[in-house]
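Next come two complexes, and both contain chain A; in the first it sits with chain B, in the second with chain C.
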Partner chain A sequence: MTATLPPGTHASADDPNVLLQDDFDSYEPIPPYPPRTEREAEFYTLGDGEMYLNMGPQHPSTHGVLRVVLKLDGERVVDIDPVLGYLHRGVEKLCENADYHQTISQVDPLEYVSSLFCEWGPVMAYEKLLDVQVPRRAEYIRVLSGELNRIASHALFMGWFALDLGGLTPILWSFIERDEIVEMLAALTGQRMLFNYFRIGGVNGDLNHEFLSRLGDWMSRAVGQIESNTKLLNENEIFVRRASGLGVIDTDMALKYCMTGPNLRATGLPYDIRRAHPYSIYPEIEFDVPTRTEGDSLARYLLRMEEVKQSLRIIDQCLEQMPDGPIMAKLPRLLRPRPGRAWAALEGPRGLYGAYAISDGTDQPFRLKIHDPSFIHLQAVGALLPGHLLADTMAIMASLDPIMGGVDK
Partner chain B sequence: MSAVSRTWDQLTLPGKFLAIVVPLLALLTIGLVLVVALFGGAIWDIVLANLPAVRFVVAVTALLLLSPPIAFVIIYMEMKIIALMNLRIGPDRVGPWGTLLSTVHGLKVLMKEDFTPNQADAVVFTWAPVVVFATAILSALVLPFAPGLFGQDLNLGLLYFFAVGGLTVVGLLMGGWSSFNKYSLIGGLRSAAQIVSYEIPLTLSVVGLIILAGTLSLNQIVQQQAGWFLNWFVVRQPLGFLIFLIAATAEANRTPFDLTEADSEIVAGFSTEYSGMRFGFFYFAEYIGVFIISGLTTVLYLGGWNAPFELPHIALTIDVGSFSGWLLAIVAIVPVLGTLILALPFFLFRSKTRWWVALIIGFVLFNVLAGGLVGLWAYISFDWVAGLFWFLGKTFALVFVFVWARGTLPRVRVDQLMSFAWKWLLPAALLNLFATAFAVVVAGV
Partner chain C sequence: MDRALKLRLETRFGEQLHGPVRQRHDETEIRIAPADVIEVLRALHDEPELGFVVLADLAGVDTGDTLQVVYHLWSGTTGDWLRVTAEGLPREDPRAPSATFLWKGAEWMERETYDMFGIIFEGNRDLRRIYMPPDYTSFPLRKDFYLADDAARSPGAGVRHMERTHAPTDLVAGSVRRSKA
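Then we have the complex of A and B:
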């Protein structure tokens, strides 16, 4: 079979011709080209007693279409080679060819479990470009819906994490909360998942009766529900023993990898964009920045559950202080910001969501760079996985909470 | 000829089925009647001469026939109970409350393509599910379901059970090795490591019980636990019971020890490449394994077929012959009368109820009542009915425990699994063994 290939090339599972071949070696997950870097040459050389295991892009628990080629020694992971790009849509390029309003719906599906934050970054950057003052009511609505979305995202994280550790029940329990939040956001925005709700200079619609009544209903029982959901895991000996000491990140490493959000705060550094670089109305709102010092998977999980409680506090205050007024700033239909560049950063459920927009004076952004925390955090996988067991690979990845839509953009 | 084929084309699918099956059944019946009439005496002589062999064949056949329904019941239990724990509804479409869903799953599995991967070792790949299923059936052979209702009463029953049950790992390894898939390979090797490790505490935890019982025959172990539930071995061997239950969970590859088919890690473990009925055999074997291991726990520690308390013995003698001609009248009149009497209140006291609805309610109620009465009569009259009732009750309670664990617990890791077996379960089993031996020798319990 090697005779059919050009000299100096390997057969690979990526190569469609391989399906026609019957050779054992052709099924190894080796790229169909000669190694391009030293690192590639090192990884794709098997040591004594090692084997490759191709995990993904279709696998029950890769959280989307992440493909990881594992080099295993028995069950122990020796080395990994993550292969990205299965969900690449070229969002940033698409945004360059859409006008400012249209880009909002383009960036929506990046991190599809927390779409509001994906919209918020570019919208905030455009507002800086245009020098627009967002009405206070709109800011409150943004914070309110954003925190709800944060809880929904963390609920999903909890379920996934438990599922990757083999627990069947928590994901369905947490989906009850998530479904209720998603339904009430659907009442507010018209969509369950990709909300497309924020507009440059405000939000799309005002709070309505269905949203508020659902929210009030849910808030009255939210704390108890979340407590009872987390009890199943927090007091489970097997879960705690599995998750603790798993994928330990210390503050230095986290800073080296540019980690933000819960993954950084789980190492003990209380860095929260909402406090460090305040935006929107967060300076007016009281909430704590919970931290933990262990830096392992369990700490990351527990920290997210703490954050849910803080989000509930923020929602309470938002509802209390909600001012009257317009929800949109007065802006022309066609936006032509003056040439310049703007950077906006905000604290999403996974960390820093950033958007860097460059305007050349036309009605389309010259460049829109999205800084996505999932991509940043996924880089740490290469350092965290080696040395752990096969069973822990998914658990460590899940505890970093990457969303492949945001990673591949 | 053309007339025949045209008629055949006009038949519907069930019609075609019946047109083949009914003549065949008729021929078979006639043949059987003829054989019995002509050679009945000779056959009976042969059966009586080879009673143990015949008993073996009948027992294996009965177990083979009974295992799919048992597996269906447990699969349905698992689907429904885990659904309720997950706050879902679970199966509710096929049959009343979805009870037929697992049966339909079984039929679906039969109809699916039986696929062998290109590079797989076809012979080993084909025989692996057979080995797994056969060991499950064979180890059920010594299980005493009720007084007189067991496959074989071996005096080495317990040893036989562990020996044959240990063969499961061969089948799993065969499946994992031959599938030409690394997930399968890892699953197979995990199952080998796991079952071999847990075999030791499993067997050692029973040795204390064997010292107390003084026998390896499962029937005699059950008979020693007769009477009050304080006679059960779980009271005298609580630590042994606990170790046995944990090790048995690992032996049956159930959560939290279901590493061999950890779906979030290695897709489906050894059964990744299996499809169709070969996968079905693995699946059945797993659930029959759960039933058998629960049954064995019941037999060893929970008194087997014995009731938890001594019921006063009621001698119920109904001489059917004494009714003579009235029997026909009773059989004819009682159902009608009972249905009418039970339907009457629903018709009289609820004006919304139509008469035919009331009749249906009455009929169902009468059936429930009559069924209950007949069951009660059978329970009182036949030892094996009472024994089967208690045995199945206890066994399915244990099956529920297994399902409950699956609904609530995450999975342990490989190294945790191994260290738990060797560092905790094995010393605990040894402690249990020595404490029991000490008590027997010194205190003479």
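Then we have the complex of A and C:
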């Protein structure tokens, strides 16, 4: 039988009539080369009764193109090996070869559900390099649009998380919310997703009538809508019992794993850059930093829902205190910051976004390092999963809320 | 920004610092040798009056001549940002100690830095490429590696086998940007 097959092909194990290319053996879990590190050798050695299972990169619930090799003992996860890089675009290298203004659109697609925060980091770092004072109205607009983006991102998280636990309804409900917000941001910025709105020294456009009328319309019913959305899940016994006790993290471990944002605050530490090291106009605004102590998946979910309410408070105050004035600082078209280094950190929906920019006096950044919380949080999945059931892998991963665009820079 | 922090760092690390403690905007920067990384990071993390418990970022930098590893730390005690730059890693064999003994989460950041710059972190037990495929041979964020439209001229390119076997003889190697900061 095998002698009659054309060279370079073999018969499929499922259907002997189907011929497969020999080199098209794509997602074999075990890599076809000797282990490169101690850890890889340890992972790719099977113990008694263990097996590998490849998940992704096209798995619908991996939130993007993530591949995870699971080592299983029956239905229990023993160890995991995430394989990244399917979405790697080399954004940092592209930014080194682009004008300062052009880098803003390069960093936009990193975390595509919260693009404004991806822009904010580099823009803040460049402003430090240039020693430029951003007009107060521009700062208020930034905070206003940023908090709207945070709500949109958390709404999407709620839907995804419930979807990964097996509930279809919440994602439809949360998309109603998200759609209204992205539509009003589209009225402000011109784009629904990759806004490209912040500029070095300000923002691209002033508040307009359509944005404000959509915002006012939505704000009048936002609280009720968010309440009813969360009631759908918070009082759902299946959801609550499924999510509580999953993937428990304590504060020490969270700090060891460099976690920030809601995932750290769900362990009880109120570390929020907006309060811990204030930037922009956050010192002038009243809001609370909610924390929870359980540190499990349910706590992370509930904490994000609390944050949505705080964001609504911030938006209210922004609209009330919004000063008049220019929205852009006076800057030349071609920026040549003096040689120097700057670090900017801010609190995004997923945690600490950082940007480290080095200038060498030319019109292109010498180095731009983007720090993305998704990358860090995905790493902790490896420590959280062992011992849990296979069906819980996605629930735990989703509760940390990584976005693959940010993980693979 | 905290002037007291500058004094404290100077008295605590005196000899180990390269150059003065620099402060600009809300950041403080110290420069050290890669051999001192373990000692300095441990002191910054453990000593309660310093208390830098949050590792916010770990970045590699190619200055054009040598490589650097840059740590951004945040202090829970004083609320300050501190940048620790381990400088002067040679291009041929850049080695720095791993920070995973304090922050397990540095593991992937070091993998990324290794992938992009080829810096070998001693003590990291999983130092393999994270973004690029395993058979990749270049370190793309180094300054002597150019973007694709310019890659044939880049002296650091190792992947473009076609261009390297048929290297155009009249092409002058491009110049490498060097840091002034």
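Heads up, the rule we're going with is that the second predicted complex is superposed on the first by the 381 of 409 C-alpha atoms of A that agree within 3 Å, B and C clash if a C-alpha of one lies under 4 Å from a C-alpha of the other, contacts with A are read in each partner's own complex, and residues count from 1 in each chain.
The criterion applied here is as follows: contacts are C-beta pairs under 8 Å (C-beta built on N, C-alpha and C of every residue); 3 or more make two chains touch, one makes a residue touch a chain.
Keep in mind the model is a prediction, meaning the values are calculated, not measured.
*Asks:* With both complexes superposed on chain A, which partner does A:A276 reach: first (chain B), second (chain C), both or neither?
*Replies:* After superposing on A, A:A276 lies in contact with chain C but is clear of chain B.
*Asks:* Who does A:L390 touch here: chain B (first), chain C (second), both, or neither?
*Replies:* The answer is first: A:L390 touches chain B but not chain C.
*Asks:* Residues of chain A touched: more by chain B or chain C?
*Replies:* C
*Asks:* Which partner does A:L163 contact after superposing on A: first (chain B), second (chain C), both, neither?
*Replies:* Touch status of A:L163: first partner only.
*Asks:* After the superposition on A, what does A:M51 contact: first (chain B), second (chain C), both or neither?
*Replies:* first
*Asks:* Of the partners chain B and chain C, which touch A:I376 in the superposed model: first, second, both, neither?
*Replies:* A:I376: touches chain C, not chain B.
*Asks:* For A:F117, decide between first (touching chain B), second (touching chain C), both and neither.
*Replies:* neither
*Asks:* Where on chain A do the contacts with chain B and the contacts with chain C coincide?
*Replies:* Residues common to the chain A contacts of chain C and of chain B do not exist here, since the sets are disjoint.
*Asks:* For chain B, which residues are in contact with chain A within the complex?
*Replies:* So the residues of chain B touching chain A come out as 82, 85-88, 118-119, 182-183, 186, 190, 255-256, 258-259, 262-267, 406-416.
*Asks:* Quick one: in the complex, what on chain A touches chain B?
*Replies:* Against chain B, chain A makes touches at 22, 24, 27, 51, 53, 59-61, 75, 162-169, 172-173, 176, 232-233, 236, 238-239, 241-242, 389-394.
*Asks:* Show which residues of chain C lie in contact with chain A when the two form their complex.
*Replies:* Residue list for chain C touching chain A: 24-27, 29, 53-57, 59, 61-62, 70, 72, 74, 79, 81, 83, 102-109, 112, 116, 125-135, 140-141, 147, 177-181.
*Asks:* Mind listing the chain A positions that touch chain C in their complex?
*Replies:* Its residues touching chain C are 31, 33, 36-40, 84-85, 88, 90, 92-94, 96-97, 128, 255-260, 271, 276-277, 339-343, 345, 352, 354, 356, 358-362, 366-367, 369, 371, 375-376, 379-380, 383, 408-409.
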